[in-house]
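Next come two complexes, and both contain subunit A; in the first it sits with subunit B, in the second with subunit C.
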Partner chain A sequence: MNTDRRRNNAPNGGTSAPVFARTIRDSEYLEKLRPSRSRGPNELRRIFLQTSIIPSASGSAYLEIPSSSSATSSTLIPPTSCLKITASIQGPKPLPRSAPFSPSLLLTTTVKFAPFATRSRRGYIRDSAERDLGVHLETALRGVIIGERWPKSGVEVVVTILEGDEDGWWGDSASEGSAAGSGWGLLNVLAGCITVASAAITDAGIDCVDMVCGGVAAITRNPESRHEKELVRILDPCPAEHKEVVAACVVGYLASRDEITEIWMKGDVGADPDALIEGATHAAMGSLAVVKEVLLEALEAKFHGQTEGNDAGLKRKAHDVEMTGGA
Partner chain B sequence: MALPSTALPGQLLGHTDKYLPGPGTHIHESQIYASIAGPVFSSPSSQSSSKGTSKSKLAPLISITRPPTSTDPGILGTNSGGGGTILPTVSSTVLARITRLGPRFASCEILVINNEVCREAFQGQIRREDIRATEKDKIRIEESFRVGDLVRGTVISLGDSGNYYVATDSNELGVVMARSGEGRLMFPVSWREFRDPVSGVAEPRKAAKPF
Partner chain C sequence: MATTAPQPPPALTFPRPIFAAVSPHPFLQAHLSAAKNKSLRANGRTAREFRVPGINTGSLTYCNGSAVVRLGNTSVVCGVRAEILKDEDIPGTYEYPGQTAGEDSDDEDEGSEMEGLRLLVPNVELSTGSTPSHIPGNAPTTYAQTLITRIRSLLHSTRLLHASDLRILYRSSTNPEDPDTEAETQLKGYWVLYLDVFFVSIDGNAFDASWIAILAALRDTLLPRAYFDEEYEGILCSDDPKEAQRLSLRGLPISSTFAVFEGRKEDDEGEADWVLSDPDAFEEGVCRETVSIVVDCEGGKKGTKDLVVRRVEKSGGGVVGRETMGGLVKRSIDRWGEVSKVLEGKA
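Up next is the complex of A and B:
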């Protein structure tokens, strides 16, 4: 961030409400604020998705996974973070003059955290974690796009993360700092990026083999068990709700072909990594249900507007899709 | 199996024995799948087999239509959204604006492909020998086009890395709109001449035959 001399950078540090001295000193009080998972192990968080939100892009989508824990009234700090991601598709457009001939579509992915996306402020220049996410997203999408249909053209997938899942609970990072920098939140962010980019690509009308969706599964230590060693496998983990995440896995999954285009595993998986991967595909199937519903609805509005002729605005019926877990 | 009314990418549409794959679909393990989102249409193939005795009827063609694109070019003019995501293909009819004249070719930017406004202009090139079909050795670029002319042409090749190759070598193809040296819109009087309505001065162009 020191290298960014072109902009007026805000001071480094937090982007949310300040932590008062009492919360840190009084550990009993702090523990009272700790969020815990209220869903079942196979239950996903609710997902909001909408396509065609950016008129100047050929395709776009917005994904939001709201915070599942209800906010407590005793502190201003939200217990868990939400996930809010937008994706926009530019193109397919002709390649720049300098580019060499390409018989198929050139895919470029850009993933950027907004400066206010996480509790500690992000810079305006893409850092290594963002570039890493971009590469992961590109491998996930490259496997589904039929590039031969678009010779001599390029497409840009621009993903902006407005709010990212965090690596752990804020109370932990303030006291011990065990979860900070572990990168568990990045897996959730990548899964969201894959899902939202896939919806945006379908919205743009780029030929795809299937709809790719992201899903996360994790192994955590069971807080209620007496044995310290007992592990539970959960879908769609919210890292803030767990004291310790042992391992996690994100996949980009093609449901109708039963193929995986992208996989990222982290942590101590143990003897059976396949169970974790399978859990992640189940989570991906859960988000695919939402994507399908939303796209069909948008499609209906698009083609309905054509026959009516006067319905320029895309009217969506506002009803939620109830999530019932993939497994 | 009945066809679904609308399909999403990856949705199974039918077996290749029963249907032929059309635009917006792809084949995977001899099954036809959708590759874009849209309503599904199956049209019986018009080409009935030439042999009247054989009963081999061609399978109906499955295609998925793209959503219609608005014709207005976006709030900030061209290249600002609006228009369709469409690429020039060989033998598509295009409208292009001449941007530069060279000794061997004229450069142009393709604005409309098959009556659909492009989202972004594509660079094209009209080579000297592609301007008209006869007396190719006597063609002169500056007697055929001027910078700013609107030309109807057909794409003959996807070309190299930079340009699509456009030809105007038929009667219906050529300059459709041109302005005179004084900036007035001219009208065509013959296949090789445009005339200014006020001054009456004629300028040479490769004119397109009006419909």
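Up next is the complex of A and C:
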């Protein structure tokens, strides 16, 4: 670990995460804790979205996708996490005088995991996975924003992940190491980032050609089937709930124009990648329904407040929408 | 609300936000001096009014303790994460004084144990888009570094945590040297607490908000029972919540921050300086002098009558004298009652 003189550092010798006795002694007990998917293959998780959470930013949003498997209170081992992401838009504001002329809006995206966002603690300095996510998010958003309307200006999109999806079930990664390192969780995180950043951009009132939304689909090996090889396509996978994910795909999808601004596919897709991409767009349409409803409600609340002469603050309304897949 | 600047004609009339942006100081003064006996600030609070905190604990999955605190438009997430420092990794030649140091005695040694070994690692992140002045991609600003230094020194100087809570001890079942006597207790490691404070949104008074968040998260923290396993030759933990232990905190120090607004004197009437409780971002921008007072009333049985002043920080000007400071301590005591009620979940 490199020392960072501007922050408080851990003891020099380094610390290790606690090891729970029953995880190394009692594998049957461990197997009991394994989460499993209780949703249908085309059913998405519930989405909680809220806009205008940061008054000093021009636009902001908070997204939460709670974990579908219920938390057990009988153990201290953290259960599968949910996704919690905030996005904040600073700008558009004029570029500094020293910057070269730019005919369109300069978009800067920053994605950062909080140190407590994942099962193993993360550092404060951005690592390669975070920078990678930032680039992917930028591609997804760049295709949507009408940048020509803001020459010589820049906008900052700052996304903070307070809690991220896991790459696999923690019990697997400890014993076999099969699911770890494959980065399935990152796809879910990216889809969440795209959706929440898009909601924040709309909240900031930056002109866009359409709403972009993220969606994930995956191909998993079905454990119950008699044929070991049978594959199932699912929408909005939670990687911890599956023993083996074969392939996964995330898209940034513009529903009304039927366009894709960002696509990231991983794994052994097989002969027909189109089915997987289509699944991901269906998932994106599901989250679009929620985003639209939340934004509409925020707008209504704003105008309602103005007509009553009570413009002291936006009425913030939490909203929770139950969804079924768009398929 | 007075929206016209008190200037000779031509009288200018602005909408509120523009007046506030163009000339913030007269804007706030116009607000404060609008009513003779009851001065209201631009945000609708009186000068002595704090924002009521909203506290939510235990919302983060991967933390031993966590809290989300809202103070008006300032919102903070704090996660406490415990990891193990093994005895072979302890730097230097630190000697565990043994059981004789006492579990209950408040000896001075504990401080050096916690501070010297860096068992508490607090950090603050402001550049999450929470405010336009902290854009990510840069190193922590001096403001962020000052904030975290103040928090760390307050953590250590109030001696909030017991070092005995963080020690992982081991007593062998048999004594290899002398089978008749009991084996000596050995120190096998420490719990290290990472306190990460993430600002979601900042609207002034970042210090109070992060301190309340840290307090709430520490009160929520559940440390699993850790023991040295002979077979495994390492430290293992039990995942049974019944065996886990809460941290015991020494007292309940709560900080209150005030900003001094120095009005410009036009004529000889009325007061020209106001001490504003719990300033928001706009007020912090126009005030130079700030006072932070940390009080703790939990020591005695008499509630808020029995107080200890744990820390006084004042900088930036010379308005607050001895009498004013006395008044501010009283205001901090009232604030202590308010915040502790919310922390206990009574309000």
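Following the convention adopted for this analysis, the second predicted complex is superposed on the first by the 305 of 327 C-alpha atoms of A that agree within 3 Å, B and C clash if a C-alpha of one lies under 4 Å from a C-alpha of the other, contacts with A are read in each partner's own complex, and residues count from 1 in each chain.
Keep this in mind: contacts are C-beta pairs under 8 Å (C-beta built on N, C-alpha and C of every residue); 3 or more make two chains touch, one makes a residue touch a chain.
Note that this is a predicted model, so its numbers are computed, not measured.
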Which superposed partner A:95 touches (first subunit B, second subunit C, both, neither): first
First (subunit B), second (subunit C), both or neither touched by A:118: second
First, second, both or neither for A:81, with subunit B first and subunit C second: second
If touched residues of subunit A are counted for subunit B and for subunit C, the larger one: C
Touched partner set for A:57, first subunit B, second subunit C, both or neither: both
First, second, both or neither for A:234, with subunit B first and subunit C second: neither
Partner chain in contact with A:110 - subunit B first, subunit C second, else both or neither: second
Touching partner for A:162 - first (subunit B), second (subunit C), both, neither: second
Contacts of A:152 with subunit B and subunit C, given as first, second, both or neither: first
Subunit A positions touched by subunit B in one structure and by subunit C in the second: 55-57
Residues of subunit A touching subunit B in the complex: 55-58, 91-95, 97, 99-102, 144, 146, 149-153, 202-211, 254-257, 292, 295-296, 299-300, 302-303, 306
Subunit B to subunit A touching residues, read off their complex: 6, 8-12, 24, 26, 28, 33, 35-39, 66-68, 74-76, 80-81, 85, 87, 119-120, 122-123, 158, 160-162
Complex contact set, residues of subunit A against subunit C: 6-24, 53-57, 60, 62, 67, 73-82, 86-90, 108, 110, 112, 114-119, 121, 124, 156, 158, 160, 162-163, 312
Subunit A-facing residues of subunit C, complex: 44, 60-63, 66, 73, 75, 77, 79, 81-86, 88-91, 117-119, 121-123, 125, 127-132, 135-137, 139-140, 144-145, 148, 152, 192, 194, 196, 198, 200-203, 222, 224, 226, 229, 232, 234-241, 244, 281
